[in-house]
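Both complexes below contain subunit A, partnered by subunit B and then by subunit C.
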Partner chain A sequence: MTDSTSKTVVLWLFVAAALVTLSAPTIVVLGASFTAGNIITFPPDGLSLKWYGAIAQASDLRQAFLRSLIVAAICTAVAIPVGTLAGIALAKYRVRFARSIQIYLLLPFTIPLIGSGIGMMLVFGEMGVLGRLWPVGIACCVINLPFMIWAVTASASNLSPDLELAAANCGAPPLQRFLYITLPAVLPGVITGSLLMFILALNEFLVSLLLVDARSVTLPVQIYNSIRSIITPDLAAISVVFIACAGLAIALLDRLVGLDIFLKSK
Partner chain B sequence: MVFGNVHAVRAASFDLPRGRFLTILGPSGSGKTTLLRMIAGFDRPTGGEIFINGEPVNAVPPHRRAIGMVFQKLALFPHMTAAENVAFPLKMRRHDARLIPQKVERYLDLVRLGGYGGRRINELSGGQQQRVAIARALVFEPDLLLLDEPLAALDRKLREEMQLEFRRIQKELGVTTINVTHDQREALVVSDEIIVMDGGTIQQKARPVDAYRAPSNAFVANFIGVTNFIAGRVTEVAAPRVAFEANGVPLAGLSADAALVAGMPCAGALRAEQVRIAAGNGRLDGLETVVDGHVVDCIFEGERVVYEIRVPALADTLMRVFDHDPESHLQFGPGDAVRLGWNARDMHVFQK
Partner chain C sequence: MRTPRAAYPLTWRVMDGLERIAAALWPASFQRGLPYLMLMPAVVLVGLLVLGLFQIGDTSLRTLDTNTFLMSEDYTLANYRRVLTENFFATVAGRSLMGAVIVTAVTLLFAFPYAYLMVRTSSPALRKFLLVALFLPFFIGQVVRAYGWLIILGNQGMVNEALGLVGVPPMRLLYNYPAVLFGLVQYMLPFAVLMLAPALTAIPGELEAAAASLGAGWVRTFRHVVLPLSRPGLIGAGLVVVTLSLTDFAIPAILGGGTQDFIANAIYDQFFRTSDQGLGATLSLMLVAVGSIVVGLVFLLFGAGTLAMAEARK
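Moving on to the complex of A and B:
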């Protein structure tokens, strides 16, 4: 065996191992969801769509899914203006304490989720709003905001500072400069960031767990609650629906702006 | 204009008649770009006033000034097509929307980009992007066109092509233009008039040929062209002729500086192309000054050879000499003894 073929073999082994490890959970859940039996197993015990039928009937799962969508929508709606403005400001303008602000905005990553979750539980509890959906949306936004800001700064820092001057020179007053030049130029970053925020909020479990009550459970919490009683294949089916939603968002992202901008974000 | 405690532009008063092409030439940090940004309205002068068409404009924000600008890095809008870029100033300046498409078309034709309007900016070559930037700066018929070294990033061939293009368009439209560059060749080629700047101060304002032939001080003489300086002391002034001695060798030149008097330290400036070169025992007829030296280095530049000659009689001054003669190219090598000669009328004497 020559050096280059052994290198190829080793490389492919690594790639195969990585692919298997990354996709195994999804494949297992996907397989288990199509089972015809009554317990969750992999490989599935016969093939059927009956558990998909079951989740379509289960109003608690459906409502939990709807609540998750609402939470994700609230999170994204808040993140778009806040993250866009913060991202542009950090990338383009000489903000005082820019460095400190950047570190401050990264804090949500460094604090364990359980810690920030408890903190927010206390705050929202004090306000008497626990059990409603909007605090969950806000909380998801707070903990994931760095993703949004990263996506926007990645677009904005590629922007030449001359662009706004050029727009001014073309006769555009300040607001028009922002609307016609700066905003469109960072739009790919905004789209990337908001889809990311949407997926992350849709999937958020730990913080939701601390902030919801029986009337306002989101889908991940609902699934978790169900696991604690009986594990039935409908959970695998709803997980697949869940994964499909996230997949859809990624596909949308790729279609709209291309994944490379996200992969390049700093 | 003061940034912190740095005076970027100190004394820079000049006026520019309508329709002229002016180049502000200077090394980086000379204040030329700051001057341009003040004219465009991006920076506000800390002192003094700028007038356009006789109106003071210091308080006028950039988007209300009728000035077109081509930026150093072009600053084309990447999310727009070439035509949308050119249409942008017309939209922002509220031109009649029905007339915009044909105006855009006309200016794209002017910069020889007819048919390229639908292209995105990143689908255009460097030279084509330049042309879009020019069209965008001119389409609304500004009172003044500013060029902030837009050619600096181009390769030499394209740069020289675009220089002539700028000149052609400027003459065709008759738009008053201020160009900023550190490229002396560009300044000489494109301009009706040159301002040489250094240290935030105007050193000379003159036609290109005068700035080259009669530099007003040592900085200008050094910055434009390849110039030899010979340090000495003034012995006699008979304006415009000045006699001086360098290391005991009597030399002479011309000076417009009335402050020059006998006994002053001075420097004689001599263009490399004004010096004739011959072999060590050769004859240089009709030249007033002849000195001997030896070749230190010879640099082949294609159309000419540059010799570096050390002259012991002038305190080992290193002189650069051009040889354009294709017959005699590379006739001397390092170490060869040579003889240099020049005329006093080609030497400019400055205070030191």
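Moving on to the complex of A and C:
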């Protein structure tokens, strides 16, 4: 069948180009981190782990990574209750002005990141809390909150309202219904959402750049500041930390809820 | 003598207590307000952004006094006049807008086949591979990805070294407009595919089979069946890609090397290089306005597409 062959060829041409573009930086960074030379060359000067030794010694990088972890933890801790409640409310109840509320809650996506970042920088500056880590965590939570709400609404709309009615019929009071029926039903969404929130906050660059000062740089900002001077392999080695975190998050996501969840039509 | 209550497990007692507290705090007569109470924290959190916008608006109406380096006390529209009249800002805005349009077109062109293959393939292994290849860069962050491109495309980068081996002199592949656009396409691909995939899943495969059985080739099937039905996904994906690439900071900063500034870079420079907060705020506000108008128009004309959050309720 030539028709389906030509379709396969065209499809794969595009997909192959996309795959190369998507994966090239990751693979190259991985490769560069194992180089034995002092600069990144092609072909590489042999293999070594010395740059991993170098970053293990560098306390500024270690601290920046620790700060990124704290920011991501704060972001996730705030996003889980806030996003779960809002998601359930939007999916399960008939809310007045639901459309307006939806548009309002999508503001973090529709307002350009630089606008949100500058705005929150001014607000937190006015409050005099710039340079601390929790405002960065809160800011990361705000800008990615729609991801969390999305994930929860997607799984909440699969929950049949009859189940809750049945529980109520068996005498379960409201809190019990929420804890034993609603919450387990939306759990896949909560897991997906919180993993997304964590990993996106860990990687968040622009908002961090605007909200941190010299004493509280997070790892992406630290890498950005070092990129500008010269490209050395220690940056590749520290970048591999991000690649490892991303790999871990994907493995967890696949294990706990399955990556296919992103393909489901709502 | 044992009372029947002794058989009552502890967890039940705890739950009963919690129920009583919940009922006291939120009596059943307030039932109708419950969803609003649940929405409240999210509304407050997003309120930070609204507050930020007001702050930006306030700052944008003040000018920088170059003698004292303080912001003026009284409001003027001078910043807006400067933004609208100075050529520099028109150049930057034009560059960003054109970039966003090109990036969106190219990204959708590559994201569509990717999403289509991912959704339609019968092999679970291939689907998983495509998903992982998509999520890995998505989860790695812009800075690391841009760093990877620096290694590949730099003057002493992989491509130039490889070209050198076959005798081609090194080329300047970085710090130009195409490099920025290329970086943006790579950054946007995962977003676009993830927005498109649910819309493509919603198209029944039987429709395509029906079109084929009626004699349509795959090009015609694609053009008259798949493409029109995937409109919600294309709108969602296009919207996300346009707004994100229009307002991106990291890629133009790292791959453009300061010569290919987008609007976000101009705003950053106003705040942190020239310290003219008023002008920076004006630029931010105008960017927000342009972005909102684009999004609003698309919402009005086509609906929210796959961006809608609660449309699923049947």
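One rule holds for everything that comes next: the second predicted complex is superposed on the first by the 255 of 266 C-alpha atoms of A that agree within 3 Å, B and C clash if a C-alpha of one lies under 4 Å from a C-alpha of the other, contacts with A are read in each partner's own complex, and residues count from 1 in each chain.
One rule holds in what follows: contacts are C-beta pairs under 8 Å (C-beta built on N, C-alpha and C of every residue); 3 or more make two chains touch, one makes a residue touch a chain.
Please read all numbers here as calculations on a predicted model, not as lab measurements.
Participant: With subunit A superposed, do subunit B and subunit C clash or fit?
Facilitator: Aligned on subunit A, subunit B and subunit C fit with no clash.
Participant: Just checking: does A:I227 make contact with subunit B only, subunit C only, both, or neither of them? Give me first, second, both or neither.
Facilitator: second
Participant: Tell me which partner A:D162 touches in the superposition: subunit B (first), subunit C (second), both or neither.
Facilitator: After superposition on chain A, A:D162 lies in contact with subunit B alone.
Participant: So, A:G171: does it touch subunit B (first), subunit C (second), both, or neither?
Facilitator: first
Participant: Is A:A89 touching the first partner subunit B, the second partner subunit C, both, or neither of them?
Facilitator: In the superposed model, A:A89 contacts subunit C only, not subunit B.
Participant: Just to be sure I read the superposition right, which of the two partners does A:V123 touch: subunit B = first, subunit C = second, or both, or neither?
Facilitator: second
Participant: Looking at subunit A, does subunit B or subunit C touch a larger number of its residues?
Facilitator: On the superposition, C touches more of the residues of subunit A.
Participant: For the combined overlay, can you note the least CA distance between subunit B and subunit C, rounded to whole Å?
Facilitator: 6
Participant: For subunit A, which residues belong to both interfaces, subunit B and subunit C?
Facilitator: Looking at subunit A, the two contact sets intersect at 173, 176.
Participant: Could you please specify the touching residues of subunit A with respect to subunit B in the complex?
Facilitator: 160, 162-163, 165-173, 176, 180-181, 184-185, 187
Participant: Within their complex, state which residues of subunit C touch subunit A.
Facilitator: Spelled out, the residues of subunit C in touch with subunit A are 15, 18-19, 22-23, 28, 34-36, 38-39, 41-43, 45-46, 48-53, 55-56, 59, 109-114, 116-119, 127-128, 130-152, 154, 156-158, 161-162, 182, 185-186, 189-190, 194, 197-199, 201-202, 217-218, 240, 243-244, 246-250, 253-254, 263-264, 267-268, 271, 280-281, 284-285, 287-288, 291-292, 295, 299, 304, 306-313.
Participant: Which subunit B residues qualify as touching subunit A in the complex?
Facilitator: Residues 40-42, 61-64, 67-69, 71-73, 75-79, 88-89, 92-93, 136-137, 140.
Participant: Would you mind writing out the residues of subunit A in touch with subunit C in their complex?
Facilitator: So the residues of subunit A in touch with subunit C come to 3-4, 6-7, 10-12, 14-15, 17-19, 21-26, 28-29, 32, 39-43, 78, 81-83, 85-86, 88-93, 95, 98, 101-116, 118-123, 126, 138-139, 141-142, 145-146, 149-150, 153-154, 157, 173-176, 199-200, 202-206, 209-210, 220, 223-224, 227, 231, 235-236, 239, 242-243, 245-247, 249-250, 253-254, 259-260, 262-266.
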